[in-house]
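Below, chain A partners chain B and then partners chain C, in two separate complexes.
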Partner chain A sequence: MKTLINSTMLAGLGIFLSGAPWILEALGVGFWLDILTEILIWSLFAASVNLLFGYTGLLSFGQALFFGLGMYGVAIGIAKLGLGFWPALGLGLILPTVMATFVGALAVRLTWHYFAIITLVFSQIFYFIALSSKPLTGGDDGTPFSMPPMFTLGEIEVSMTNFTTQYFFILLMVTLAFFLMHRLVRSPLGLALVAIRENDARAEMIGLNVYLLRLISFIAAGALAGLSGSLFALFGRYASATYMFYHVSGEGVVWTIIGGAGTILGPAVGTALVILVREELSNVWEHYQILVGLIVILTVIFAPRGLMGLWDNMLTRLDARRGGVATPVPEKTRNSNQKRKPKPRRKTVRSEVRT
Partner chain B sequence: MTPLLEIQNLSKHFGGLKALEQLDMSFEPGRLHAIIGPNGAGKTTLFNVISGTLPPTAGHIMFRGKDITRLSPHRISRLGLARTLQIKSVFDALTVEDNVWIAAQSRRGVYRPFVNSREDSETAVKVDEVLEETGLTRMRSIVAGTLSYGDVALLEIALALATEPSLLLLDEPLCGMGPAETKSTITKIRELSERIDVIIIEHDMPSVFDLADEITVMAQGKVLAKGTPDEIATNKATREAYLGDEDFQHA
Partner chain C sequence: MELVAALAINGLVWGLIIALIALGLSIIFGLLDIINLAHGDFFMVGTVLTWFVFSSTGNYWLAFLIVPLIGLVLGALVERAVIQPIRGTAALSIVATFGLSIIIQETVRATYGAAPKRILPPIEGTIPLFGIEYDIYRVFAAFVSIAAITGFFLFLHRTKLGTWMRAVRVDRETALAMGVPATNVYILTFALGFAMASFGGVVAAPITTVEFQTGIDVLPFCFMAVIIGGLGNLPGTVAAAVLLAVTEGIITSFADPTIARITSLCLMCLVLILRPHGLFQGATQ
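This part shows the complex of A and B:
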C-alpha cells in the first residue's frame, strides 16, 4: 500500500513536471513556470545540504560558498573568458568541486558546532573576497552575461533563451542529480555515510575511514551545490556575491529540515513549500518569514524527520491498520492488543471502504 | 612462534594520571586470554590504545609481528583486530540486520557509489552467518536502540565478527546479562575462541576462571601476575589487590 501510494505520487509528480509548461499555460498561470524552475534549482541546493546533514551528520552553514562559485564559474566563464555554454557549465562545476576538496580537507576534521562554524567562516571569507574583487566579479553589481547557444543544428539554434528549453534543460539536470543522489545513498558508500552519521566512533572501529568518507560526502555536496549555482546563473543570466552570503546557506538548512533531512525528496518538498509561501504571501504580508520560522519550530518539535517523516509515519500506520503484516509487534504489546480487538477491526473496515 | 600481540614498554598518561605505566605483555595465539583487575587498573585504556582509539604516551604494540602503534582505528580494524566496547555502542537508529550489514560490507568495498548495497550477495551470506552465530537471527528487523542491554552486547560481538577478525578484544561482554544469557554467551565465546584468538576483560570472576586458558592481573597500570586460572587463584599479590572483593573469594 505504502509503495503503491508513493509510486503513484511520484508518477503524478513526473507527469506534472514533464508537462508543466503546457499545464501551467492551460491554467492561465504561465508565469509560474519561472517559479517552478527556481524551486527545482533551489531543491538541488537543499539536496546538497541534505547529503551532508541528513546522510552524513554534518551540519554545514557554508553551502552558499559552492553555490556562489558555481554561479561565478558560469558567469565569469561566459562574460570574461568568452567560453561557450558547455565549457562555462563545466567551469561552474569544477570550481566549487575543487574548492570543496580544499575546504573539506580542513573542515571534516571537525564535527558539530565546530564544523558548522568553520564552514560558515570559509563561506564568509570568500563572500567578502568576491565582493571586493570588483574587476573579476563585478563586486556589488555582479557579473551579467548574455546567453550563448547550447548547440546549433543547421539553421536551428537551441538556447536557454527559449523558456521551454530552459525549463526542460534545468529539469533534466536536476532530475539527473537527484537520481544520482538516490543511487548514492542506497550504495555501500551511502550506507557507510549513514553509519558515520549514527555513530562515527563505532564506524571507525569496524574499519571505515571516517575522515575520507566525510571528505567524499563534502566534495559530492559541494559539486551538487555548485551545479545548482551554475543552473541559477544560467537561469538569471548573472552571478552575484549576494548568493554567497551565509543567509543563503541558512535557507538551505531550513528547507532541508522542514522537508525532512535524511530523505531524498524531503528537501525538495521543503524548498517548494517555503518558496510557495514566499511567492503567495510576500505581496500581502512583508513579514511572511515569521510564518516560515513558525513552521521550522513546529517541525523541529513535532516532526523531527520533517514533512516526509510525517508522511512516512502516516502511510506506515495506514498499512498497519489494513491488517498489517508489515510491523512485527513485540510480545508484550501483542497481548495488550488482544484485549482491544474490536477496535482495530472496525478501522480495517473503514479503510477498506475508503479505497 | 610470533606472539599474537606484544605490548612493549607501553605507557599512557592522562596529565598526572598514569593509566598505563611501562607495561610489558605478550599473548600467545591459540589460547583464550583474560585480563582482570580492580576498577582503574587500566584494562579498558589498554584496549583503547591497542585498537588505536587513544594514542599511547610511549611504547609499542606489535600485532602478529607488525607494529600497529599509532595506526588509526580503521586501519587496525582492517588488519583483523576487532573489539567491543565496555559502554555498549552500536548504530542505534538502524535495525540489527543493517548494523551487521554495514560492518560486513566494510570488508567488501565501501567506495562503490552507484551499486545497490542490497544486491551484494556475499555480504548477505556473511550477515546471515553472523546473525545465526550470535543468535540474533530472530531479532534481525528490530531497531538496535530498542534492544535489551544483553542483546546489544551480543550485537556488539556480531559487529566485530562481521569484520572477519583474527583477534577479538571483548570488553566486559557479560556486563548487564542475566544468568541464562551469561551462560549462553560464555558458550559462544568458547566456541569462537576455537577459530579466533580472544582476549577478554571481565569482572565476573566465576566466568573468567571458567573460560580463560590464561589470566593476566592488572593493577594501577601494571601487570601484577600472569598464569593459569589455578595459579592466579592461589597468587598472593592478586589476593592483595582484590582484598575484600567477594567475587574473587568465590572463585
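This part shows the complex of A and C:
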C-alpha cells in the first residue's frame, strides 16, 4: 500500500514535470513555469545541504559559497572570457568542486558546531572578496551576460533563450543530479556515510576512513551546489555576490529540514513549499517571512524528520490500520535524523572537537 | 597618524560593546550548547526598543533601565517557547534560532519599518584624547560597557544565581542532585544573554544606525570574538572582541573596511584550525 501510493505519486510528479510547459499553458498560468524552474534549481541546492547533513551528519552553513562560485564560473566564463555555453557550464562546475576540495580538506577535520561555523566563515570570506573585487565580479551589481547558443545544427540554433528549451534543459540536469545522488546514497559509499552520521567513532572502528569519506561527501555536495549555481546563473543570466551571503546557505538548510533531511526528495518538497508560500503570500502579506520562520521552528520542534517524515508516518499508520502486511517503522530508523550523540557528562569544549 | 588613533579608539569602543553582546552569546553556548544565530537580532531589538523609548518619552536614560528588563522578559519567553522543546538536538538548534532570527527581523520590519533611523547621542560634544577631538558619547559608551561587563562577572562569581549558572555548566547532573533548579537556570541564562545583547543595543544605538538589519552585521563579529576567545571562555571572549575591533580599526585606516573584515575572518579560520579551543586556552579554566 505504502509503496503503491508513493510510486503513484512519483509517477504523477514525473508526468507533470515532463509536460509542465503545456499543462501550465493549458491552465492559463504559463508564468508559473519560471517559478517551477526556480524550484528545480533551488531543490538541487537543498540536496547538497542534504547530502552533508542528512546523509553524513555535517551541518554546513556555507553551501552558498559553492552556489556563488558556480554562478560566477558561468557568468565570468561567458562575459569576461568569451567562452561558449558548454565550456562555461564546465567552468561553473569545476570552480566550486576545486574550492570544495580545499575548503573540505580543512573543514571536515572539525565536526558539530565547529564545522557549521567554519563553513560559514569560509563562505563569508569569499563573499567579501567577491564584493570587493569589482573589476572581476561586478561586486554588488553583479555580472550580467547574454546567453550563448547551446549548439547549432545547420540553420537551427538551440538556445536557452527559448523558455521551453530552458525548462527542459534545467529539468534534465536536475533530474540527472538527483538520480546520481540516489545512486550514491544507495551505494556502499553512501552506506558508509550514513554509518558516519550515526556514530563516527564506531565507523572509525570498523575500519572506515572517516576523514576521507567526509571529504568525499563535502566535495560531492560542493559540486551539487555548484551545478545549481551554474543553472541559476544561466536561468537569471547574471551572477551576483548576494547569492554568496550566509543567509542563502541558511535558506538551503531550512528547506532541507522542513522537507526532511536524509531523504532524497525531502529537500525538494521543502523547497517547493517555501517558494510556493513566498510566491502566493508575498503579494498578499508583505511580511510572509514571519510565517516561514514559524514553520521552521514548528518543524524543528514537532516534526524533526520534516514533511517526508510526517508523510511516512501517516502511510505507515494507514498500512497498520488496514492490518495487511504492514511493517511498523523500526524504532531505530524512526529518529535516525536526530543526532543521538551520547551526551558527555562533563561538557568540556574538548569533547566537542574530534579530528 | 591622527586617523589611525581615531580609528583605533573607535575600534576599542566598538570592541567593548561587542564584548558585552558576545558574552551573552558565549554564556548561551557554554550552558545551553546552542549556537544562537538570532543573537545579532537580540542586539537589534535593543536598538529598536531604545528608539521607541526615546521617541515616546524623550528621555534617553530611561532606555538604559527599561530595555534590558524587556530583554530579560523576552529572553525568558523565547527560551521557554523555542529553546526548551529542542534541548539535546544540537544541530537542529541552529536551524531553530535561524527561524527565530527571520521572525524577529520581519516583526521589526513590520512594526518599526524598513527605513534606517538615527538617534542623537544623549551627551554631545567632544573631548581631547591622544591629540584628537573625540566624541564624548563614545567615551561614555566605553565606560558603560566596561561597567556592565564587570557587573556581569561579579554576578557570575559573587552571587548565588551566578554560582548556579557555573555549576550547571560544569556538571548538570551533580548540580541537579545538589538541588539547583537546572531548568530555571537555563531560562535565566538565555534571558540574561538576551538582556546583555539588548543592553549593548542601548549603548550602541547612537553610534550605529537603527534598522532591522543591523543584527546581520553584528552577528559574525560576535561569533569571531567567541571563537577566537575560545567557545565558552568568557574572559577570552572579551579580550578577543577588543583585540579584533582594534585590529580592524587600524587596518581600516589604510585599507578598505572589507579587507579588514577579510583579515579577521582569516584569523578566525586559522584559530579554528590550529587552536580550536581559542587563542587563550589555558589562561582560564
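Assume the second predicted complex is superposed on the first by the 324 of 355 C-alpha atoms of A that agree within 3 Å, B and C clash if a C-alpha of one lies under 4 Å from a C-alpha of the other, contacts with A are read in each partner's own complex, and residues count from 1 in each chain.
As a convention for this text, a residue touches a chain if its C-beta (ideal position, glycine included) is under 8 Å from a C-beta of that chain, and two chains touch if they have at least 3 such contacts.
Note that the structure is predicted; figures quoted are calculated from it, not measured.
Undergrad: Touch test for A:L213: chain B only (first), chain C only (second), both, or neither?
TA: first
Undergrad: Mind telling me which of the two, chain B or chain C, contacts the most residues of chain A?
TA: C
Undergrad: Just chain B (first), just chain C (second), both, or neither: which does A:M173 touch?
TA: A:M173 sits against neither chain B nor chain C.
Undergrad: Applying the document's definition of touch, where does A:A75 land relative to chain B and chain C: first, second, both, or neither?
TA: A:A75 contacts neither chain B nor chain C.
Undergrad: Examine A:R186 and indicate which partner it touches, taking first as chain B and second as chain C; both and neither are also allowed.
TA: first
Undergrad: Classify the contacts of A:I39 with the two partner chains as first (chain B alone), second (chain C alone), both, or neither.
TA: neither
Undergrad: For A:V49 in the superposed arrangement: first (chain B), second (chain C), both or neither?
TA: In the superposition, A:V49 contacts neither chain B nor chain C.
Undergrad: Should A:A223 be classified as contacting the first partner (chain B), the second (chain C), both, or neither?
TA: neither
Undergrad: Of the partners chain B and chain C, which touch A:A88 in the superposed model: first, second, both, neither?
TA: In the superposition, A:A88 touches no partner, neither chain B nor chain C.
Undergrad: Please identify the positions on chain A that touch both chain B and chain C, taking each partner from its own complex.
TA: None.
Undergrad: Which stretch or stretches of chain A touch chain C in the complex?
TA: By the definition above, chain A touches chain C via 53, 57, 59, 61, 106, 109-110, 112-114, 116-118, 120-122, 124-125, 128-129, 131-132, 246-247, 250, 253-254, 257, 286-287, 289-290, 292-297, 300-301, 304, 338-339, 341, 343, 345-347, 349-350, 352-353.
Undergrad: Can you name the residues of chain C that touch chain A in the complex?
TA: 29, 33, 35, 37, 82, 85-86, 88-92, 94-96, 98-103, 105-107, 109-110, 169-173, 216, 220, 223, 227, 230-233, 256, 258-259, 261-262, 265-266, 268-269, 272-273, 276-277
Undergrad: Quick one: which bits of chain A touch chain B in the complex? Just the residue numbers, please.
TA: Chain A reaches chain B through residues 180, 183-184, 186-192, 194-195, 198-199, 201-210, 213, 216, 328.
Undergrad: So in the complex, the part of chain B that touches chain A is made up of which residues?
TA: Its residues touching chain A are 51, 53, 72-74, 77-78, 82-83, 85, 89-94, 98, 101-103, 105-118, 120, 141, 159-160, 162-163.
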